[in-house]
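In what follows, chain A forms one complex with chain B and a second complex with chain C.
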Partner chain A sequence: MKTVEKPAQAGTLESGDILVVVAPATGAQDDIAIELQSLVMAQYGDAIRETIASTMRTQGVTRAVVQATDRGALDCTIRARVLTALARGGVGLEEGAISWNA
Partner chain B sequence: MKNSLGRMLPETVAGFGAVKPFAGAFATTPSGVRKAPRQKTVLPKANKLVDNLEEVFRRIPVRDGMTLSFHHHFRNGDGVVNQVLAVAAKLGLRDLTIALSSVFPVHAPMVELMKSGVVTGLDTDYMSGPVAEAVSQGVLAKPVIFRTHGGRARAIECGDLAVDVAFIAAPAADDYGNINGVQGETACGSLGYAFPDAEYAEVVVAVTDNLQPYPLHPISISQERVDYVVVVDKIGDPKGIVSGTTQITKDPVGLKIAANAAKVIQAAGLIRDGFSFQTGAGGASLATAHFVRKMMKAANVTGSFALGGITGYLVSMLEEGLFRNLIDVQGFDLEAIRSIRDNPRHLEVGAGMYASPFNAGCAVNKLDVVILGATEIDTAFNVNVVTGSDGKIMGGSGGHSDAAAGASVTIVVANLLRGRLPIIVDNVLTVTTPGETVDVLVTERGIAVNPLRPELKEKLVTAGLPVRDIAELKALAEKMAGAPKAPPQGEKIVALVEYRDGTIIDVVRQYKACE
Partner chain C sequence: MERLRSLLFMPGNNPAMLQAGGVFEADAVILDLEDAVAPREKDAARMLVRAALHTVDYGASRTVVRINTLDTFGHEDIRAIVPAGPQVILLPKVESAAAIHDAVAAMKAVERPGQEPVKLIALIETPCGLAEALAIARADKRVIALALGAEDYTASLGAQRTKVGTEIITARNLLVNAAAAAGIDALDTPFTDVNDEAGLTADTQLAKQLGFKGKLCINPRQIDTVHDVFNPSEAEINWARRVLAAIRQAEAEGTGVVALDGKMIDAPIVSRAQRTLALARLQNPQEVEA
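Showing the complex of A and B:
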């Protein structure tokens, strides 16, 4: 299991992008706590949370705080932003984390 | 009950009456007669000029429960509606219905008057901004009536929309009530949407900030129908009324869609002498005119007319001889105003001639092609331009349904994805324009043809255009974006969407935030 060492962010607030901020889990927290804002919350809110959480789990991160501000990003963009934020936050990414075919 | 598109409708609606369900774009025919306003007389030497709006209210007199009508040529620069409603509030009037052909953000003060009961009814063809937001949240007890531009003319003509007092925002007026839209600081061009109001309202008031000596020339709305003339400081803000110039989009996706839409027109064999055309002012719609212009020049053809809301781009096509005439119900920019003022080939027409389905023929019937937008389109080609993806009201038909019904080829142009949201859905949230009147959808990833038009599809395929099944385009979008969940909706009906023939095509329910 890996942990986020320090707060880090990736992405922008441009249309079609998502700004992802990751931070170390606090206290007894034992999950990935996601605070999400999205223009398409009604249609894709659950899907975005799931994409963020599953991307983190595949990197072995199961405890963290995430703030995400979505501007209609596609799943591939969300995954890219989450991976970059994790790397910047001190999480060593798994071999093959970046799939160029996804 | 359900209408012919399967939409659930109430049998009756308080404040509206029995609901007539939509039965098909041309299934409902008229059986009534036109309504006529009372006869009047004005004696020689009588004076129609009144000092201020308050005095007009007293003279008429405006009473609780009346319907006051307004036109929207001033768009987001309108100053008349707010001034008139402020007087209504000051005089303690209640329960007014506002029949304003389109509502814009500038009309935000109306929200407070809805909350306080001064305004309890709204009848319109389009709305955006704070009023749309408040209506979506359920501020009114009675549902708003959404009409089309042609349907509003029809409703006024037959008395479905009985106007007690029409307030006409007049860029130029004389003291005997002659009005035009082409002179003065607040010139807006055509006054077409005000024509039915002026013709059928019981009382007509000209509100102007540009009083000219009698007789005004030219005359768009005549003294015969105008009872009072009021001069106020300002009737609007020219910056909100027109844009300087309307630009062709630089967005490469929009340009690709526009180029393909033009190719559809060409493949349909319509780039020929006598070609007639309508398009909007926005994004890919206007850009389509740009590509059509090139094709017309290359083929050396002269079109008959361009119709609808007129932009400088269409004016330049008129001046180059690509169209013989412009038929103008609303001008969008300074060039459109200059042209309708100076060029006799540029015609000002009312909403009835433009698009009313129940007269002896409206101009949209003579269209070869119309280019329209969509918020959503479903696999049966039904189009929503009333509600956004969250279920909130953000528009309205305007002339969308009218032009779609009239034109030989109706083309909807839209990005396959808007943000993350696919434009093609199984069932649009709010049907505005029925699929039977929509022929082609052009996206950046392919072109879908309504199965009701196999001969058209054949022509596009033969021309080598990227024709796909609409379900295939929908799947393509969902592969990229995922399938969206439907937004939650409240129970209360906040608006009825009336088709141009007076039947109800759908309802809009109260907005509900997602959990």
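Showing the complex of A and C:
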């Protein structure tokens, strides 16, 4: 299991992008807590949350705080921004675990 | 035969642009990790371009990634990008054959087993690079083209960049000559005023006249104009047909020397005629079958 060492962010608020902020889990928290804002929350909110969470889990991160502001990003963009935020947050990425289409 | 009439730059850290890259029907898209990306965002762009290469359908456009120079972020770019399977790496500010050798070695080290070897286009944008253009073009068989980057080049000369381009005429000629000597394509520098369509047409016509086979583009609006210029004209197609007909007739008659309209036809002319017809066939398969 890996942990986010420090707060970090990736992405932008431009159309088609998503701004992802990751931070270490707090206290007794034992999951990935995601606070999501999205223009398409009603249609895709659950799917975006799952993409964020699964991208983190495949990197061995199971406890973290995530704030995400979505501007209509595709799945592959969400994954790329989460991975970049994790790397910036001190999580050593496992190349073999990166999957773009899963 | 594969055409590289137009190569469209797309900023590597902009998801909306990367996703839309396939709809513009450029002959190639250049996913840019260099000038279009701020130093602190190189990691993010690298990841995004990887994602795009794996998931975005670029249609008939070939996928090119402009990496950073090898003395900055280039090696990290190669490690991240090459396994994702771009067709071509555009290497900036190439100044020697050694730079090509270094890039090829780094690329080979990370290509997946069975992966189609990733090709290279060398971007020549300094006086040193231009002086070494032939050696660069011949450095490795992965090098499929030389491209001219005239903005940095003229800055190095201390010359003012103009739309007419008098200050880069020698550079253009030398680049085309080096590419031709190595048997690869020469690609022209972008026309930077995206609002000047007449200027783009004139600049592209000049490039074609000098022997360039394609042009870098910085805006999707430039693609149609560039294609129109590089597509063979009706007159060029007719000329090419007549050249090949004359060759066939001479072969049938056992004649050694072939002439058309009083001008001798030799191998380079035949080669140009064949290329013209091949381009025309790509443009319109029905019309040109002779």
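To be clear about the criterion, the second predicted complex is superposed on the first by the 96 of 102 C-alpha atoms of A that agree within 3 Å, B and C clash if a C-alpha of one lies under 4 Å from a C-alpha of the other, contacts with A are read in each partner's own complex, and residues count from 1 in each chain.
Here is the rule we use: contacts are C-beta pairs under 8 Å (C-beta built on N, C-alpha and C of every residue); 3 or more make two chains touch, one makes a residue touch a chain.
If you're wondering where the values come from, they're calculated on a predicted model, not measured in any experiment.
Visitor: Do chain B and chain C fit side by side on chain A after the overlay, or clash?
Guide: Fit - chain B and chain C, as placed by superposing on chain A, sit side by side.
Visitor: Under the stated touch criterion, which partner chain does A:L74 make contact with: chain B (first), chain C (second), both, or neither?
Guide: In the superposition, A:L74 contacts both chain B and chain C.
Visitor: For the three-chain arrangement built by superposition, which of chain B and chain C touches the greater number of chain A residues?
Guide: Counted on chain A, the partner with more touching residues turns out to be C.
Visitor: Once the shared chain is lined up, is A:L13 touching chain B (first), chain C (second), both, or neither of them?
Guide: neither
Visitor: Just checking: does A:A87 make contact with chain B only, chain C only, both, or neither of them? Give me first, second, both or neither.
Guide: Once the two structures are laid over each other on A, A:A87 reaches chain C alone.
Visitor: Looking at A:G45 after the superposition, I want to know if it touches chain B, chain C, both of them or none. Which is it: first, second, both, neither?
Guide: Only chain B; A:G45 stays clear of chain C.
Visitor: After the superposition, what is the least C-alpha distance between chain B and chain C in whole angstrom?
Guide: For chain B and chain C in the superposition, the minimum C-alpha gap reads 6 Å.
Visitor: Indicate the residue numbers of chain A shared between its chain B interface and its chain C interface, in ascending order.
Guide: 15-16, 73-75
Visitor: For chain A, which residues are in contact with chain B within the complex?
Guide: Residue list for chain A touching chain B: 15-16, 39-47, 71-75.
Visitor: So in the complex, the part of chain C that touches chain A is made up of which residues?
Guide: Touch residues, chain C against chain A: 13-16, 19, 43-44, 47-48, 50-52, 54-56.
Visitor: If you look only at chain B, which of its residues touch chain A in the complex?
Guide: 389-391, 419-421, 480-482, 484-488, 514
Visitor: Quick one: in the complex, what on chain A touches chain C?
Guide: Spelled out, the residues of chain A in touch with chain C are 10-12, 14-17, 73-77, 79-81, 83-84, 87-88, 100-101.
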